[in-house]
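Take a look at the structures listed below.
What follows is a pair of complexes built around chain A, which joins chain B in one and chain C in the other.
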Partner chain A sequence: MALAGLLRRRVRVSRPVDAETYPKRRLTLVIAAAVLLASLPMLTTYILLVLSSFSETLVTGAEFLEGKPIRFTLRYWEALLSGRLSAIVMTPVTINVWETILNTLIVALGVSLVVTLASTLAGYAFSRMRFRFRERLMELIILLHAFPGVTLLIGVYLLYIWTLASLLHGVGGAGRAFAVFAYTILARASLEIPMSVWMMKGFFDKIPWEVEWSALIDGASRIRTWLEVMLPQVKPGIAALAIFSFLAGWEDFIYVYVFLYLGTEGKYLTLATLIDQLVGNLETAELPLAAAAGVLYLLPTIAFFALTQRLLLEAYTGGVKA
Partner chain B sequence: MVEVRLESVSKRFGRVVALHEVTLTFEDGSFTAILGPSGSGKTTLLYLIAGIYKPSSGRIYFGDRDVTNMPPNKRNVGLVFQNYALYPHMTVYDNIAFPLRLKKLPRDEIDRRVREVAKLLHIEELLERYPSQLSGGQQQRVAMARALVKQPDVLLLDEPLSNLDALLRIKIRAELKRLQKDLGITTIYVTHDQSEALALADRIVVIDRGRIQQVGTPDEVYARPRNLFVAGFIGSPPANLIPAKIVARSGSACVAIGDTVYCPDKPLSEKLARFQEVIVAFRPEHATLGEEPAENMVSIEAEVYTVETLGKENIVTLLVGATPVKVVVEPSVRPQPGSKLFINVEPEKLMFFDPETELNIEYIEV
Partner chain C sequence: MKMAGRNAALLFFLAPAFILIALFYLVPLAITVYVSFTDMQNWSLYTLRLLPNPLFNYARLFHMMLYDPDFVKVVYTTIVFTLVTLAFNVLGGLGLAIAVYLMEERLSGFFRGLWLLPRMTPVAVYALLWYYFFLGSRDGTLNAILMALGVIDKPVQWGTDPRLLPWSAWAIIIYVNVLVGVSFGMLIFYSALRSIPWEQVIAARVDGASTLQLVRHILIPSIRWHIMFVTVWQLLSLLTTYAHIFLLVEWGVVDRWWSSTWALYVFTTAFGLGGGGPSSTYQGLAAAAAVILALVGAGLGLLALRLLGFRRMIVPPKGEL
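Then we have the complex of A and B:
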């Protein structure tokens, strides 16, 4: 579709094109074609998943070749969204999907907020301030990024258990829930922060010093300069960071599984752990239910790419001005 | 509205000495031009006054206040950066209004002042645009408007008109000068363009390699350059410099330029007597060309090398020995390259420099 749009646009151009935009359009065309080709297998999987969630049995793609009809049903979606899973799932689990979505959302938003805030502040500091051990710290951050997150899990888990048993001993209800979520969010966010700090530093590096000085001379305080002159100029970076870390939080399995699920004896589910539960407890015939949960799980990712794809393409073809 | 004073201010970047022991006073309400070649420390000097850089040593005063450690946002200076430094995410209007918003002025007052200064700089039609949609010259004028609109105590301008066409430049600098006098803003103006400096400034500061070479009125700097650098830098084309020997004639010191011997009067000849060699300098516009040596003039024989025709005048380059000398002549004068002519200069227009210290001997106390 994007390709067709591009082709149309290409044909319509009759007035002279700026030297700057002309070669870019052709490049975009090539890139779009390549990306489409490369993402074909992934795209097929997505489509099959969505189809499965609306059909009586799992759609594998073979049906189309054999000419078998796909029997359409909303049964699994109804069951999933109303939480009446006990009819389908063997073990008597009662799952509130809306609560699960809310949990997932809390984790995703929390990770997004923590990562964005921390990296914007730290990125600015690394870009603009001279302090002791600045270079050392920056190298350390790269090192942290290179460290696989799973290996940290054991240490973080021990700390978590200890915190729950000692500091939070006797704390129940909302207080405990808050602590559990905060812990999960911080632990997951810390995996994203090193790379994000570097990314934000890059964005701040691009702003000329003179622009910042200019604000100071105009009478702005440092904080005001940061808020009103520096931040607006790194907005694209902040947006990208917020989205990527949101997706990271939304999609995370291992941290959420260990801290939110295992750590609380199965009290808090997110979509990722829910799917894990479903797949583990379902008869093969009922797998479309898991497919429905999977579609929910992938929704933000798809929405994000659908939204930004247009933006990216337009930015490439020079349609969008700063 | 305030006097700016630097007391032996130095600025070092690592091992680079950008400014060395600068002591300068910019009088309240004065218009000073800073002239110097690229990399001489002009921008550094402005940044020190604005508070962007802290001096490595020395102190800076605004009137009686010691501002050496005062942050830039407390100094009430306006600065037009060499690269404009507009806020790319704000419209021209918001760029200009930004300093006023920070002062928390009422909305209509801000609007009035923004439109006033925009009119002055001929950018009224650009107010809704973003900086990326402006030409270099337009951006420069927006930067100027932003610096002027807050009516600063000190106005610092780093080559603010370099991107404007000649016509607009003359127009805007006339308005700048009038505004500066009306508001009494102490103004420091960095420029490469000497004619601009000579036309605008009450005083000129010539700087080279981080050191002040001369401070004086445009006339002084032009007519009595303190050293060889100033003589060779000011004026277009700059002063001619010819090495000469000091010879004794009937008991007094005379200057031998090639075959020409010139014997000056008493005070000067006494000063010259202390040297074996000097460098003689005169301005291209102070010399004339002739077939014959002229009376009461110092006449130097030379061979014509090239003639540049500039329309309202011609510049003739001649060789005195091996030293090239330029003379500005009427457009009708076009001597043949290779021909021998005499360069005639009035004795009062000659300047003499000590080749060792490079100082004008006028400035050497006996």
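Then we have the complex of A and C:
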């Protein structure tokens, strides 16, 4: 809650409400109606997903046109949360839903930690220190952000299976699990590094340098200045970055699919690969189960987003002010 | 002494990020290039040997472009998908940004939040939403609604019916992508519009400018740089996105080849399509296609850096002693 307070304590930039300068009332209504119309299919899919998860069969929206009632049930939610999926899923797999959630959480927290740490360090150097190749490295970072991830994926995965097969040949159990998760987290976090270094540099750029300067003149080292003078001033930026990268790790599909699922022959599921498996193996009639998993997966994202929307928006656009 | 301390500090700050960049960008890139010169299959390390003709995979891709009917579909799909989605993303984002800019604050906030939802939604859930929507049975939202309205009398396989291909599959992947893509343009354009001095807008209004004139002569000209930025950036990211198309293809919502973009082709060739059943994967071929994609991406990226003048944005640090 302290975090929420920190995030909300931002000055609301309001513009003067001036009847003269707004378009005419009727035009505003037309614009709003047009945007609403364009949003309708999208809005519908989200509502139907939530309704379907509480329903015996998929809610298609036609029920409302035909006046048919929706038969509500909690059985898919019960099955999902108690992990009794074997009665519903065709393949004889045991899926531990809580373990799946834990896996997803480990990946998201790991990505958040790695990204926040690495870019808080590098962002400071790029913002405040002068060194050779500084401009070249900044350009490299921007280029890397736009680099096709799928090209890297082949190399990263080859390195991964080679490591598992040679260096970790005899290692099993907890050691192997740790290596598998660490690799997934580092690989996924690296994808966020260019953007987040750029973002963090932007946050450091906004801090007036007088305070830092006086610390440096008083003989404090760069590292101490960073830790004790600068970090407290960019707290909102760090919070934004931590949330941002947490959500990136939480929502990821490709990396958890390739490294945690394919790479271990399906040993570690996360919510993303669980949904993938459910949709692939469910009878159409049982599809509300996948909807329940989807809602469960979506909830933290929505909650975080609602809590920190303003901050995230600022973080998103902060890097590209011309 | 002081110099040494400074360099140590620099190492401390930059090392973590650059170790990650070296390990997960530079090294893999070199490996991928090497793999493209081999005939690696099924991730077997034994097949990781240089081909007699190292450029064989590239020649093969070129040959496929001419004679493999499935790969021809991939090429067409990539071109159509990228250009059409780009146009919709930029223009849609611009339209949306102007619309929310002209609205009252509370309404504007609601719509901005709503349109960010697809971007925030985990990709598996997002694909699931559209899986339900375009499902080919009578449980699919689109089918059910059209049947209830009496437009069609039996369910249509929207993304796979041969009579509707390739247009329906293209329409689906483009539509699904545009809903995510417009929010990027919306965010950038909206924040740019908000930084136009309010006096300028008032002055135009006082002079009797209509809303259309305001948009054409004040708003759009002042965010020209941002329009260029968003166009280039979206082009780069459209070349590389494939995650939700992969899921839609895997779940059978859309036809495999008429929905495979170049990036998805690389992924499915290297990692398979999932969904069970033994299938061979060809890393050598995939790596060659990946290298071509990277070359195009890097070329466009460099062009973008020059075009957008990123150098000017990198202000030199002030606080150096």
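Following the convention adopted for this analysis, the second predicted complex is superposed on the first by the 256 of 322 C-alpha atoms of A that agree within 3 Å, B and C clash if a C-alpha of one lies under 4 Å from a C-alpha of the other, contacts with A are read in each partner's own complex, and residues count from 1 in each chain.
Note that in this section a contact is a pair of C-beta atoms (placed from the backbone, for glycine too) under 8 Å apart; a residue touches a chain by one contact, two chains touch by 3 or more.
Small disclaimer: the values here were computed from a predicted structure and weren't measured.
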item: Partner chain in contact with A:Val229 - chain B first, chain C second, else both or neither; value: first
item: Touched partner set for A:Trp213, first chain B, second chain C, both or neither; value: both
item: Residue contacts on chain A - larger count, chain B or chain C; value: C
item: Partner chain(s) touched by A:Thr28 [first = chain B, second = chain C, both, neither]; value: second
item: Partner chain in contact with A:Gly61 - chain B first, chain C second, else both or neither; value: second
item: Partner chain in contact with A:Trp98 - chain B first, chain C second, else both or neither; value: neither
item: First, second, both or neither for A:Ser221, with chain B first and chain C second; value: both
item: Which superposed partner A:Ile254 touches (first chain B, second chain C, both, neither); value: second
item: Residues on chain A lying within both footprints (that of chain B and that of chain C); value: 213, 216-217, 221, 321-322
item: Chain A-touching residues of chain B, taken from the complex the two chains share; value: 47, 50-52, 71-73, 75-79, 81, 83, 85-89, 98-99, 102-103, 130, 132, 146, 150
item: Sites on chain A touched by chain C in the complex; value: 13-18, 20-24, 27-28, 31-32, 34-36, 39, 41-46, 48-49, 52, 57-58, 60-62, 65-66, 114, 117-119, 121-122, 124-125, 127-131, 134-135, 138-139, 141-144, 146-159, 161-162, 165, 186-187, 189-191, 193-194, 197, 205, 209, 212-213, 216-217, 221-223, 226, 247, 250-254, 257-258, 262, 271-273, 275-276, 279-280, 284, 287, 290-291, 294, 297-298, 301-302, 305, 309, 313, 316-317, 320-322
item: Complex interface listing, chain C residues touching chain A; value: 5-6, 9-10, 12-14, 16-18, 20-21, 23-25, 27-32, 35, 43, 45, 48, 96, 99-100, 102-105, 107, 111-118, 120-125, 128-133, 135, 137, 139-141, 143-145, 147-149, 179, 187-188, 191-192, 194-195, 198, 201-202, 205-206, 211, 225-226, 229, 233, 236-237, 239-240, 242-243, 246-247, 250-251, 263, 266-267, 270-271, 274-276, 283, 286-287, 290-291, 293-294, 297-298, 300-302, 304-305, 310-311, 313-321
item: List of chain A residues in touch with chain B within their complex; value: 208, 210-211, 213-221, 224, 229, 232-233, 235, 321-322
